[in-house]
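Presented below is the structure to which this report refers.
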Amino acid sequence: MDIATLIGLIGAMGLIAGAIFMGGGVGGFIDMPSVLIVIGGTFAVTFVMFPLKTVLSSFKVAMKTFLGSSPDPKQNISQLVSLAETARKESLVALEKVSLDDPFMARGVLLVADGTDETLVRSIMESEIQSMIKRHRTGQNVFKGMGTFSPAFGMIGTLIGLVRMLQNLDDPSSIGPAMAVALLTTFYGAVLANVFFLPMANKLAERSQEEAHYMEITTEGVLSILNGEHPNILKEKLASYLAPNQRESS
Amino acid sequence: MDIATLIGLIGAMGLIAGAIFMGGGVGGFIDMPSVLIVIGGTFAVTFVMFPLKTVLSSFKVAMKTFLGSSPDPKQNISQLVSLAETARKESLVALEKVSLDDPFMARGVLLVADGTDETLVRSIMESEIQSMIKRHRTGQNVFKGMGTFSPAFGMIGTLIGLVRMLQNLDDPSSIGPAMAVALLTTFYGAVLANVFFLPMANKLAERSQEEAHYMEITTEGVLSILNGEHPNILKEKLASYLAPNQRESS
Amino acid sequence: MDIATLIGLIGAMGLIAGAIFMGGGVGGFIDMPSVLIVIGGTFAVTFVMFPLKTVLSSFKVAMKTFLGSSPDPKQNISQLVSLAETARKESLVALEKVSLDDPFMARGVLLVADGTDETLVRSIMESEIQSMIKRHRTGQNVFKGMGTFSPAFGMIGTLIGLVRMLQNLDDPSSIGPAMAVALLTTFYGAVLANVFFLPMANKLAERSQEEAHYMEITTEGVLSILNGEHPNILKEKLASYLAPNQRESS
Amino acid sequence: MDIATLIGLIGAMGLIAGAIFMGGGVGGFIDMPSVLIVIGGTFAVTFVMFPLKTVLSSFKVAMKTFLGSSPDPKQNISQLVSLAETARKESLVALEKVSLDDPFMARGVLLVADGTDETLVRSIMESEIQSMIKRHRTGQNVFKGMGTFSPAFGMIGTLIGLVRMLQNLDDPSSIGPAMAVALLTTFYGAVLANVFFLPMANKLAERSQEEAHYMEITTEGVLSILNGEHPNILKEKLASYLAPNQRESS
Amino acid sequence: MDIATLIGLIGAMGLIAGAIFMGGGVGGFIDMPSVLIVIGGTFAVTFVMFPLKTVLSSFKVAMKTFLGSSPDPKQNISQLVSLAETARKESLVALEKVSLDDPFMARGVLLVADGTDETLVRSIMESEIQSMIKRHRTGQNVFKGMGTFSPAFGMIGTLIGLVRMLQNLDDPSSIGPAMAVALLTTFYGAVLANVFFLPMANKLAERSQEEAHYMEITTEGVLSILNGEHPNILKEKLASYLAPNQRESS
């Protein structure tokens, strides 16, 4: 599991809960109808925004992303270099027998071992990267959408509360608590958007970029192997994808 | 009909109606002049924003989109593979006799059967995709525009109510109800924008993307058939347009 | 004149006027100094934002756009097809004698009749489209700018009114009317931006796109004529620029 | 000096000053600490945002832009046509002796006279346009940044005033004036951003575009001369950069 | 260290502190729980937004950027010209012995000295520029994210304070101070975002652009050397990357 996400969520919720407790108890901050309208409304609108299949698949994408670990481009490069060495020493066909963990690299290498044309290999691998980016972007969009509409439902809830309160100003002692309840939906909307949906949408984008970066390195490497380039040139080429401090001294 | 849209709309409106009922009756939340200025104003401004023809056609596009079902890229691919097999076994001309449901695929296949030049086929199919995207984008823009201007008219209505209330502060007992009415237009504007117009604009965009994706697969497939590529290569190529879990095991 | 713009403006202003009248007279909503600071300030800032020539020319562009009628791409295509037939039956030179209403098409056809090189014809026609888009975009920017700065001047006016009111809280009976007047500039700014400037900027953009679309069809058609393509191919090619329901059954 | 900028600034400030005077004197609207925190804070943050050199050079760019006059593309074209005629009648080398006011055109013509390769001339002229655009964009960014942060400092000032006022609610008669002062920073921030910084950033962008347009015409013209194209073709080509009503009847 | 950043930060904080002191002491503006929720919440959310490694590395990038000095493109060009002269007089291989401070230029020159192919040199150098830009953009995004979420946590804090205050309206004398404390988190959020995070994100972007500009000049120069172009042509070419007033008179 992505430990930073967990720490961040627990930290942020802990601070908010702490601030509430310190002021004298959490009771006044829990109001079931307010919870319902903000969370329920946000989810309802998500189904208006996206096809059913997209909402479900985007939760799966999100799950996989938060539970999976970041790919390591450095290890990726050394694996590609060793493949290039195998191809040099033996032959492209010999790559067929190498077993690889990463299905994307495996697919590319298999295409090369099968003697597929360079243009076709590049077009297959690049359109796979594009497909992955598109799938991930949909996931981000679902989360971003929820981050946009949860404050909107917070405001709708507050407006309902305010209108009702203004219609019943006869009992002055009820004004304060009524307004407090009205503000709760705004509070819920703000917390949902700013602690959960928007930051998570951002992490999905970051992860997607990492994965695309990783897959671009793999594509570059596989094509270099197909062209029979020297493992050292391959290494030199791929090194420029890394930050200087990540590069091996060679 | 797109079931998610329906569920979402009913869910969101139900939650809002529930919140209003629970607070003691829906009466105070209905004010015809307020309804008129927000809905009427939003539609009036839509006619200033777009040519008459565009507004009407965009409602048609929206209808078709909400009522139509999502295309299925997987079935699309298997159909293209079977066309490729026919072309291989018989000839490109034989494709003329195949009857196809999808008019876009039918048009592409007919061009191929007629022996049209590859560049021309690609340019015709791609400019058709672009035309479709443009038409859909106009539809989205109409909905987005309504989602922008309905809160604006909500605010204009509230400002009118506030100015009038501030000019008549003599009777303190009327201040509350007057402000409640003034806030109603803001409430209507927020509901219209956040439950209807903006989420629907988003669904139109999602659908448009699905359709473009589907048409790109079709274009790629038709061109592959024209070039006489082997059905297996076609399958391999098009598979990269799908999410890994959508791909057939082969 | 563009009838939708007129209907929209009258409708929106009528609804606002109706809401004001219903509340007891329009008197309290007219305040000359407030009108002056919002309208005057918006125009003054427009001169800071744009060169003098640009402001003037953009009003002319806007006028022409609102008064002119939408071009009809379907008629455009049939005219191009008939030109292609003339060129086939007689010769490219024969096109010189055809009289055309649309100056852009006339210019393109004249270049073709003069035997100008394809690359040059394309570059001249495309840079003319780009120039038209640029001119129109400037017009849109002027309107968008006014739509951004009129609410800003509304807020500046309201701030002036609030500061003055807060400095004179001695007479409680004057507080309400003073705040009402202070809010008027915000109201004017909101109406100007949301009924006039922003929707009009959008219509200019729509019109510009229509015209660019029309000119692209013309360019494609003229180049097709220059290349001596068969009128049927020309028809097929240009048809993909239209929505399916706009296409002639052939 | 750019007369529209001057008129606009004087007009906007005059209207604001008028609105203040009409309400009974300018005294209550001047508060030195408030001026200091808004103007001082905005400038301080500008130094955090940009390298020192950039801030200084961007003020110079702005000065030059506001004081300089708009280039005239029509005169530019006629000058290029006359250069093309000279080149035709005499030779490319003869251009070396022509003296030109515009340093950019002079540089291009000199390169042509020196017999420089077309690709090199184009790359030098285009990268000079890009450099100019970049320099100007930095200037715009400085002004835009100031337009973003002056309202922010206005809000920070108002928050300080509000917090202090709320801590001293004992004397009711001081509440009004204290809030009035607190609002002044918001007022200053709004005026600075909406009358000065943001509109000026926009004018810089407009001017930059005019200059780029002018330089593109020059580049196109110089390359046409280098290729020995007929002055009439050059005229025809460059005419499409102008609005139809700017073109000479020929 | 970047002196402008330091001056700006001290200036802005000094002005804010001054405004607070002048109003009667800093005591009422410091509230530890408020500090905790805004700063703690912002950092917690940053960990939800970005992978752990990214947050840490972005602080390092930021440090290096604020402490490092701007590169000097003029000196860069003269160094490239002198390398070009060496290459002309001696040979490309002779460049191997030149010792260079800038690791990016050194890498490029070494590739040239090794007789690497032009396309490969360009692709290695350009992908290194892209990598650098990506790394810096991540750094900016972390700061921008903090600048977006610190006001959000300010608002969340204020909402908690308001709700609690509204639930305890019995003691009127406590209302003012309670609201003052509630507003403090908004104040902290505004200062953090507008004095620190957002302006710093902007400076990182500016620095990144400067460095990319510098590296583009270097790439252009190295490739020109590889192609054996005359040092004067190299000078002429690179001069167009500079502002006219930065160019040497030659």
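Order as written gives the chain letters A, B, C, D and E; numbering starts at 1 within each chain.
Just so it is clear, contacts are C-beta pairs under 8 Å (C-beta built on N, C-alpha and C of every residue); 3 or more make two chains touch, one makes a residue touch a chain.
Treat the numbers as computed from the prediction; the structure is a model and nothing was measured.
Enquirer: Which contact partners do subunit C and subunit D have in common?
Expert: none
Enquirer: Mind checking subunit D against subunit E and telling me if their interface is mostly the same residue numbers on each side, over half, or mostly different?
Expert: Counting shared over all numbers used gives less than one half: different.
Enquirer: Report, in degrees rounded to the nearest 5, the angle of the rotation taking subunit C onto subunit E when the C-alpha atoms are fitted.
Expert: Best-fit rotation on C-alpha atoms: 145 degrees.
Enquirer: Using mean CA coordinates as chain centres, what's the subunit A-subunit B distance in Å?
Expert: 24
Enquirer: Just curious, how far off is subunit D from subunit B if you go by their C-alpha centres, in Å?
Expert: Here the centre of subunit D sits 40 Å away from the centre of subunit B.
Enquirer: Two or more other chains in contact with one residue: find those residues in subunit B.
Expert: Expected reply: no residues.
Enquirer: Please categorise the chain-chain contact pattern as a line, ring, star, complete graph or other.
Expert: Contact pattern: a closed ring, each chain touching exactly two others.
Enquirer: Write down the ring's chain sequence, where subunit C leads and subunit D follows directly.
Expert: C, D, E, A, B
Enquirer: Once bound in the complex, which stretches of subunit D touch subunit C?
Expert: So the residues of subunit D touching subunit C come out as 2-5, 7-9, 11-12, 15-16, 18-20, 22-24, 28-29, 70, 173, 175-177, 179-180, 183-184, 186-187, 190-191, 193-195, 199-200, 202-203, 206-207, 210, 213, 233, 236-237, 240-244.
Enquirer: What residues of subunit B sit close enough to touch subunit C in their complex?
Expert: For subunit B paired with subunit C, touching residues are 33, 36-37, 40-41, 43-55, 57, 103, 120, 123-125, 127-128, 131, 134-135, 138, 145, 149, 152-153, 155-157, 159-164, 166-169.
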